[in-house]
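Common to both upcoming complexes is chain A, partnered first by chain B, then by chain C.
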Partner chain A sequence: MGKIIQRATAGTLESSDVLVTLEPAQEGLEIELNSVVQNQFGAAILETVQEVLKELDVQDARISIVDRGALDCVIRARVETAVLRGEGEC
Partner chain B sequence: MNGKVVKSLREAIELSGLKSGMSVSFHHHLRNGDYTLNMVMDEIAALGIKDLTLNASSIFDTHAPLEEHIQNHVVRKINTNYMSAGLGHRISEGLMEEPVDFRTHGGRPRDISLGITPIDVAFIAAPAADCAGNCSGKVGPSACGSLGYAFPDAMYAKKVVVITDNLMPYPLRGWSIPEIYVDYVVEVDAIGNPQGIVSGTTKITRDPVGLIMAETAVKVIQHSGLLKDGFSFQTGAGGASLAAAQFLKEIMVRDKIRGSFASGGITGYLVDMLNAGCFESLMDVQCFDLKAVESIRTNPAHQEISAMQYASPAAASAVVDKLDVVILGATEIDTNFNVNVHTDSNGYIMGGSGGHSDTAAGAKLSMIIAPLFRARLPIVTDRVSCISTPGRDIDVLVTQRGVAVNPKNQELMQRLKDGGLPVVDINELKEIAERITGKPQKKTRAGRTVANVIYRDGNVIDTIKSV
Partner chain C sequence: MRRSMLFLPGNTPNIIQNGEILGADAVILDLEDAVAPTEKDSARILVRNAIKYMGFGRCEVIVRINSIDTDFWKKDLDAIIPVKPSLIMPPKTSCAQDVLAVDAYISQLEEKLGMEPGSVGLIPLIETALGVENAFQIASACKRVKAIFLGGEDLTADLRCKRTKEGHEISYARSRMVCAARAAGVEVYDTPFTDVNDDEGIYTDAQYARSLGFTGKSSISPRHVKAINEVFSPSLKDIDYAYEVMEAIRIGKEQGKGAVALRGKMIDAPIVARAQQTIQAAIELGLGREA
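Up next is the complex of A and B:
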């Protein structure tokens, strides 16, 4: 479950959106965050990303988050979509 | 008789007697298309003059070469009313030893006229001038319309240099600034790039959130009791503000309301209102687009005003004090209605008051239009990171999710409630926004002072810290 088998992306670089890129990795989670609201919401974004990955049981992946000020619900949706694509589910 | 025309900028600078430690000034009607400030500062640097105070009514990204002049100690101090993000970021990072002094469009002429910020040499970019220095912004390849902000410089500087790319036969017709103030005239190839002189931002919003705010703003004006014959109005050039002007025009035309004037930076939308009979006159301190430039050149009802007449608290009277309604923007507003237009959410300088606090102080109804949040950043905070305009001068905040009235204006609050407008407490707007965005982490304001924000009465109202 939650095995990332291919590189996948979800989202855009439009204002108020987020671009999530996921790649297979050998061991563990490696999250890279770049956000226009880093100072205000950096910690909250990382928390959300980790939460969604846990829900979807993703244990090994390299994830890049380029955030343009997306709301929490948008971040959740984009991460989930990227994971499903990375698993080859959609 | 032609003694004022000199062959080069260098000659004009030398003749002006400019020396290290003195003060030079510029006006900003050529906006981001301006060539003159860089041209003059490069020449001054080449002459080895240092430690200058630069008094510029606004500084745009096109003035990026200033950074080098600051590093080389050609410029030691900056007085301005607005600074865009380019140099603003560098100032915030601690580029200058001395803090920048931010004033307002009214405070600058006040302090020049009172001798608080004396100017040794003023450089006036003139789209048209004659050999005696009579000059105008209304004609020429670099036409910018009004020269309003240059008046105090011309009147109070010890020496005045007019720089033009359009030397006309004497006497120039329809001059704005008369020869009596001008010492030298220099002809150059171009004073600016017309593409950058007129703003590209003066377009009505198509964003549904912006349109809802604009509709609500006009309802607030309708129910304020001020919208009747003699009505006076000012609005910025932001997308939602322009949409509000458009909706207001429809109502004024429909109900045959004849206003007295609209003022400030003038856009084509206000010209349309003038031509539709909504106002008797436009009082123009700066043109924002070509339609405004064309109008001020051809329509006598479209009048040029100086920065003093526009907003100076030291003038015997000023236009802003006759305003009924002003619509303004905000990067942040706090629960005490203080407004920030100087810094971005990370504390970097990216703007300035311009006429914000002047019009807010003068108008009977000062309205802020702002969305509840931009991207993920809530607009309503507990305390703005920089106070540009004090909350006591703001009457109402219009957002897409409700209208917050400053409790000091109970009459307006009652009128808007009676009119069926969605009046909510400003604290509630803050909570609504934070429920959607989450609560942002507050950065502590540390670091040294990189800028003072000087209110129009001359008092420091806030300071901006390094980032």
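Up next is the complex of A and C:
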């Protein structure tokens, strides 16, 4: 299981990027999303984040996503980086 | 066909995602100098995803990894080889052994991943005095090497001289690189012209590189791509002349002539070879037809 043992961030607040912040949590996933395209793509972004967390077997974490219009593959990359950093792998 | 190669910083999504529309024949996604040491992990995952999901249209994808004297290069290859870039650019390549180390590690990954052996090529970046002196050994180190690439900035630091617009300080390195590459049967690419605001200087620098025999030239700015593409494309006059040469040869053969002349000048083997290269380039650019 992907265990988040430390606070970690990945990405930036620049245009087309996303800043992901991850913290350890006791039970379940708590995702907070703030996006410039929240109304149009909020649901899709959350789905992408959840998919990556599932692939990496992260079950307990608090995640903050501040999106500046990042493409799906960028969101995936930043979430993966944050998880690896949170697990102490990077 | 690679006339222009554009460096793009590997941890910058808004630049990478525009890579295919900037006009370059190839983009070099950079994991080395353009990425801070604390962001190497982030950049290699982003570049991997960019290659896997974005697609770069007709633009060839090259990845500059970190040099083999760092802890990063194997992790770079672990992440990037599975998404099959066209070429890997190992920087600070100074001898054949440097190339063989990267080649061996890529071979291991290809085998592990069930990829065709040799499917990812190498374009070693030569940017040290030792590398220039060993250019032929580097270019002919293994079959994976498809081209060599001159890096002028680091080279001049190693030579302990100042990098200038005129480039006299790297003229020996340029000529030696071209000769080494042609002797080894691989392509050769010139260092970027680093004054991004000098729109005339880029033409002069690219024309000089082409006159020496370089296949193409790199850039750190999209502003220079158009000039590089123009300089490294055959002109319509060159193309017309190339077809005239091939036609004169065809007629000469039909008439059983041992020697053929065009516009009062003998056409010998090097002229025919150059005409064939021009026609090939024209075809690749959509400007030509089979001779």
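Here is the rule we use: the second predicted complex is superposed on the first by the 90 of 90 C-alpha atoms of A that agree within 3 Å, B and C clash if a C-alpha of one lies under 4 Å from a C-alpha of the other, contacts with A are read in each partner's own complex, and residues count from 1 in each chain.
The definition used in the following text is that a residue touches a chain if its C-beta (ideal position, glycine included) is under 8 Å from a C-beta of that chain, and two chains touch if they have at least 3 such contacts.
Remember, predicted model here, so these are calculated numbers, not experimental data.
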Once chain A from each complex is brought into register, does chain C clash with chain B or fit beside it?
fit
Quick one: is A:A43 in contact with chain B, with chain C, with both, or with neither? Answer first, second, both or neither.
first
For A:R85, using the defined touch cut-off, is the partner it touches chain B, chain C, both, or neither? Pick first, second, both or neither.
second
Where does A:A77 make contact in the superposed view: on chain B (first), on chain C (second), on both, or on neither?
second
For the three-chain arrangement built by superposition, which of chain B and chain C touches the greater number of chain A residues?
C
Which partner does A:N34 contact after superposing on A: first (chain B), second (chain C), both, neither?
neither
In the combined three-chain arrangement, what's the angle at chain A toward chain B and chain C (CA centres, steps of 10°)?
70
Check whether A:G11 is in contact with chain B, with chain C, with both or with neither, and answer first, second, both or neither.
second
For the overlay built on chain A, what is the smallest gap between any CA atom of chain B and any CA atom of chain C, in Å?
5
Of all the chain A residues, which ones make contact with chain B and with chain C?
15-16, 70-72
Can you list the chain A residues touching chain C in their complex?
10-11, 14-17, 70-74, 76-78, 80-81, 84-85, 90
Would you mind writing out the residues of chain B in touch with chain A in their complex?
345-346, 374-377, 436-438, 440-441, 443
The chain A residues in contact with chain B across the complex are 15-16, 36-37, 39-44, 68-72
Residues of chain C that touch chain A when the two form their complex:
12-14, 17, 41-42, 45-46, 48-50, 52-54
